[in-house]
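Let me give you the structure first, and then I'll get to my questions.
By letter and in written order, the chains are A, B and C; residue numbering begins at 1 in each of them.
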Amino acid sequence: MNWSLFFDLTVSGLTLGSVYALIALGYSMVYGILKLLNFAHGDVYMIGAFIGWYALHALGGPVSPSVSAWIAVAAMFVAALIGCGLLGVVIERFAYRPLRNAPRIAPLISALGVSFFLQNSALLLFGAAFRNYQSYDLIGSRTFSFGNLYFGTPQILTVSGALVLMVVLTVIVARTTVGKAMRATSYDREAAAMMGIDVDRVISVTFFLGSALAGAAGVMFGLVFGQVYHYMGFIAGLKGFTAAVIGGIGSIPGAMLGGLIVGLGESYSTGYLPQGSTFQNLYVFALLIAVILVRPSGLLGKAAIKKV
Amino acid sequence: MSERPRLLELTNVSKAFGGLQVIVNLDLHVGEGEIVSVIGPNGAGKTTLFNLITGIFEPDEGDILLGGTSIVGLEPHQITNRGVARTFQTLRLFLNMTVKENVMAAQYGRTKATVFESMLRLPRARREEREINRLAEEKLGFFGQRLMGYRWEQPAYSLSYANRRRLEIARAMATEPRILLLDEPAAGMNPAETHEITELIGKLREEGGYTILVIEHDMHVVEGISDRVIALDHGVKIAEGTFEECATDERVIEAYLGLRSADTK
Amino acid sequence: MTLGGSDLPSPADRPDEPRVGVDDWVASHESREERKRGLVGVAARMWALLPPVGRLGVFVIPAGFLPLVMSQSNLARYAIYTLVFALMGLGLNVVVGYAGLLDLGYIAFVGFGAYGYGILASSQFGRHWQAELAIPVVALFTAFIGLLVGLPSRRLVGDYLAIVTLFFGQAFVLFVNNANRISFPHFGHVDLTGGSNGLANIDPLNFFGYKVHTTTQYFYVLLAAFALVAAALYFANESRTGRAWRALREDPLAAEVMTVPVNRLKLLAFAFGAGIAGFTGAIYGSVQTGAFPGDYDIGLLITIYAVVILGGTGSIAGVALGAIVINCVPELLRSQQNASWLFYGLILIVILMRVRPWHRCLAFLAGLLAFGFAVHALAAASWPRLTAAHPRGGGSLKGPLEHWVLLPSHPVKIADFAYVVLIAAILLVTRLDGWRRLLALVPTLYLAAMVWENLLIQQTAGATRLILLGALLVGLMNARPQGLLGTPRVEIV
């Protein structure tokens, strides 16, 4: 048993899992409140990665930024958080809100359209070339060790950053008035409206938070894996969605758990399963099918009982 | 009253959702040709009863027999094919299909032509289609002129509320059932329409020969149609008998109106 | 308690006639129908009078004359691909339109058909089956695969189904991209699909020894296939199965209680749609003389969805119309000249149609032109680099455009920025009304022209087309979710 491979894969899995968990949170929250699969979410993540890149280059670039490296990184995150948050709010306002009372298929198609629009707008504006974060030049790569697990700088940044964001989100949802309103709206939108909750505003806030997290995830991905390109949102979005479903869609702890499972699963499959690196997406897919068949509401989700 | 053969029989049926016990040890039977009404305050478990009979849910305990054979565990469409048809408390029509198509769609179980036979317009398919058409028109004709003529091609969402209720009954009739389960057929109707429904239910038994189990809140209707009345409260049968017997039963009055207490005087 | 109707006082002079508003009167009065006004109404009524064979003929018979008037290459680009898209759309229509199931992996079934046919009739394995055998085998096999995919989907509600099928589609693309490196235990190394290069050298269709090799012949094969499938689907929709599918789409629970075996019918819809997809895929593979992984990915999926949705889900004629629009418009856009005419022409038509009355319309157009010239002159005077370049397409429009639109000498950064501003401006315009909207529309349209000339026009074959497709889907859902020929649906949410 090659333990060093195992620990390497575990670190990689945890890092990936953190990214997926952040994406999954956005999916889960939006689905919980609107029962909508936001296909455009993955592309918001991609835009976040690009915003981070452009922010970095606005500050002078990775090799010689005009501010200290850590301030640059912070600026990238802030820019992505706010930029993607706003993007999510705009998307909701124009592509989903008018369809709130339309048949279920309409917002799904609209989401597909938005996804396509974003992807190809990025292609148009940014070109097809991959952009590189060059994070090694920016923040170097010291090794941090926890027992047998060795994290590089970008990886520890990702994992800890994701943890921080998830804690913040949980606090917002559990402790603040807005969070309470979000939970109420997700249980019963009409009743929430009748109790004086501004449902439109709550939904906008939900989209803001979810999209902001996706943006942050995009920057993290860029820092860890280096390359960002216009198509990256598609597969990442699918995996983020898988994570949300596995964990139980509509459940916030479920999204986090699901993200970890998908990240680790993908990582281990590249190492241990036959032809893992080519077919890793297939294995993730198989995992999804398995979970759905055995436990349709996901690991931490609650089966909804509908009144007939 | 002479004992008619029991068409529908529930023995010791219980059902719980989560921790909530919705139906508790219920014994119920409907004889062939009878009209039985189920009454009870909201939340008493009446619609759940229908859902159990039609196979949407399975009872946790107990058995449900149709014509002597158990139907527990069967899929809803199989149960309907065996002769149980229902309407819904909140209407569930196929709104974007035409009036006639609604009634034709319900005849799927009675017919056999495969899609390939239909595509090739083979004789069996054409024959069955004519028969489906005829039966649909016949069932719709039960309601006078209201659902006839040009109305056949109108989408169901263009119908008035009362007509939608009638259409749902016609659709249920098209499955050629032995027993009809009507869930609050008079809900939302004005006195004139309510009276019509009362007459209609009687007509369903006289001319259609259906056995009927009705959930109803409007006591005028219950009084006008029932051979027997069963009262439920919190999933338990609290009274059974003729309308007079149930209406004067203390437990029924208590369930609907509450205990007489010194404070309310 | 009195019967309905006798409560109402009867008019003194007509005691025996039914009363107005009473249901019997309504029922016995002349038939009540929705009649559309004007030209559209006349067309709709004539259409409704035609028997189904006639309606099919309206499309097929004029189409049959196309090879006589079009060049071979035009025939291929416009007509053949339109028919291919229409066929794919028909299959998708069964799943999405009739049964209401959102299948996002549909295009994989087309791929199955293409690759399947390639395995049976190409130099890959040295087998050269004839089409009359290969195509049914491939179609049936694909239908079976559709059944398998549908099995886990029985328990899934719409959204989950969408995701699972999407994954399946991606799995398929992944598989065919890499299936040239699989080692089977007994057979050793097998190259199933040619990997990322695709399966090349697929045989031309060979019906009973007669080889199809000219474009015109392929066109007729596809036209016949379309007519056949359309007719079959029409009859299927009118049958008890079609009604059951529609009932299932409307309300699965009510359908189940009304004798419709919902799960079985979902599987049937999947298998049916997959079978048609496989059939189309086989012909498609032969038309392209190859099967390539990139063809069966999300791009084509969205295109076929656009075809079905634009035309109106559930409508066969809608699929045909959708295919014509979705295929022919981007083809027209390939030439930059055509594209410009189309762009400006479309804007002009919409303005003429939507801005009424005529004097307001003229004022608007005049204002737009004046605005443009003014800005251009201002820019030319202050920052000459902003107007230094020349317009690309446009042909005879080139002259006036040069003085109207801003054409910076180094457009990239400005155009990118303008693009984002344009999107914001368009969104803003949708929020305004009346004269405010017209006012905001002037700079927006000017900006649009600028973005078009400097940015979009360079990518008409690629990104622009797809951007417009995405925007089309969003706009369509907002404005007219039932598509061009669909009927507006009423749904209880």
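To be clear about the criterion, a residue touches a chain if its C-beta (ideal position, glycine included) is under 8 Å from a C-beta of that chain, and two chains touch if they have at least 3 such contacts.
None of these values were measured; they are calculated from a predicted model.
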By C-alpha centroid distance to the whole-protein centroid, which chain wins? C
Among all other chains, pick the one whose mean CA position is farthest from the mean CA position of chain C. B
Chain B and chain C, separation of their C-alpha mean positions in angstrom: 43
Could you work out how far the Cα centre of chain A sits from that of chain C, in whole Å? 30
Here the gap between chain A and chain B, centre to centre from mean Cα coordinates and rounded to Å, is 49
Could you check chain A for residues that touch two or more other chains and list them? 308
In chain C, which residues are in touch with two or more of the other chains? 253, 489, 491
Could you list which residues of chain B touch at least two other chains? 56
Listed in rising order, the residues of chain B that touch chain C in the complex are 54, 56, 75-77, 80-81, 85-86, 88, 92-97, 101, 104-111, 113-115, 118-121, 125, 128-129, 132, 144-146, 148-151, 154-155, 157, 160, 162-163, 171-172, 175, 191-193, 195-196, 220
List the residues on chain C that touch chain B in their complex, please. 1-5, 7, 23-24, 27-28, 31-33, 232-233, 235-236, 238-244, 246-247, 250-251, 253-262, 268, 272, 487, 489-492
Spell out the residues on chain C that touch chain A in their complex, using ranges where they run on. 96, 100, 102, 152, 155-156, 158-160, 162-164, 166-168, 170-171, 174-175, 178, 181, 253, 298, 302, 305, 309, 313, 416, 419-420, 423, 427, 430, 455-456, 459, 462-464, 466-467, 469-474, 476-478, 481, 489, 491, 493
Residue numbers of chain A touching chain C in their complex, please. 31, 35-37, 90, 94-95, 98-99, 101-110, 112-121, 123-125, 234-235, 238, 241-242, 245, 275, 278-279, 281-282, 285, 288-289, 292-293, 296, 308
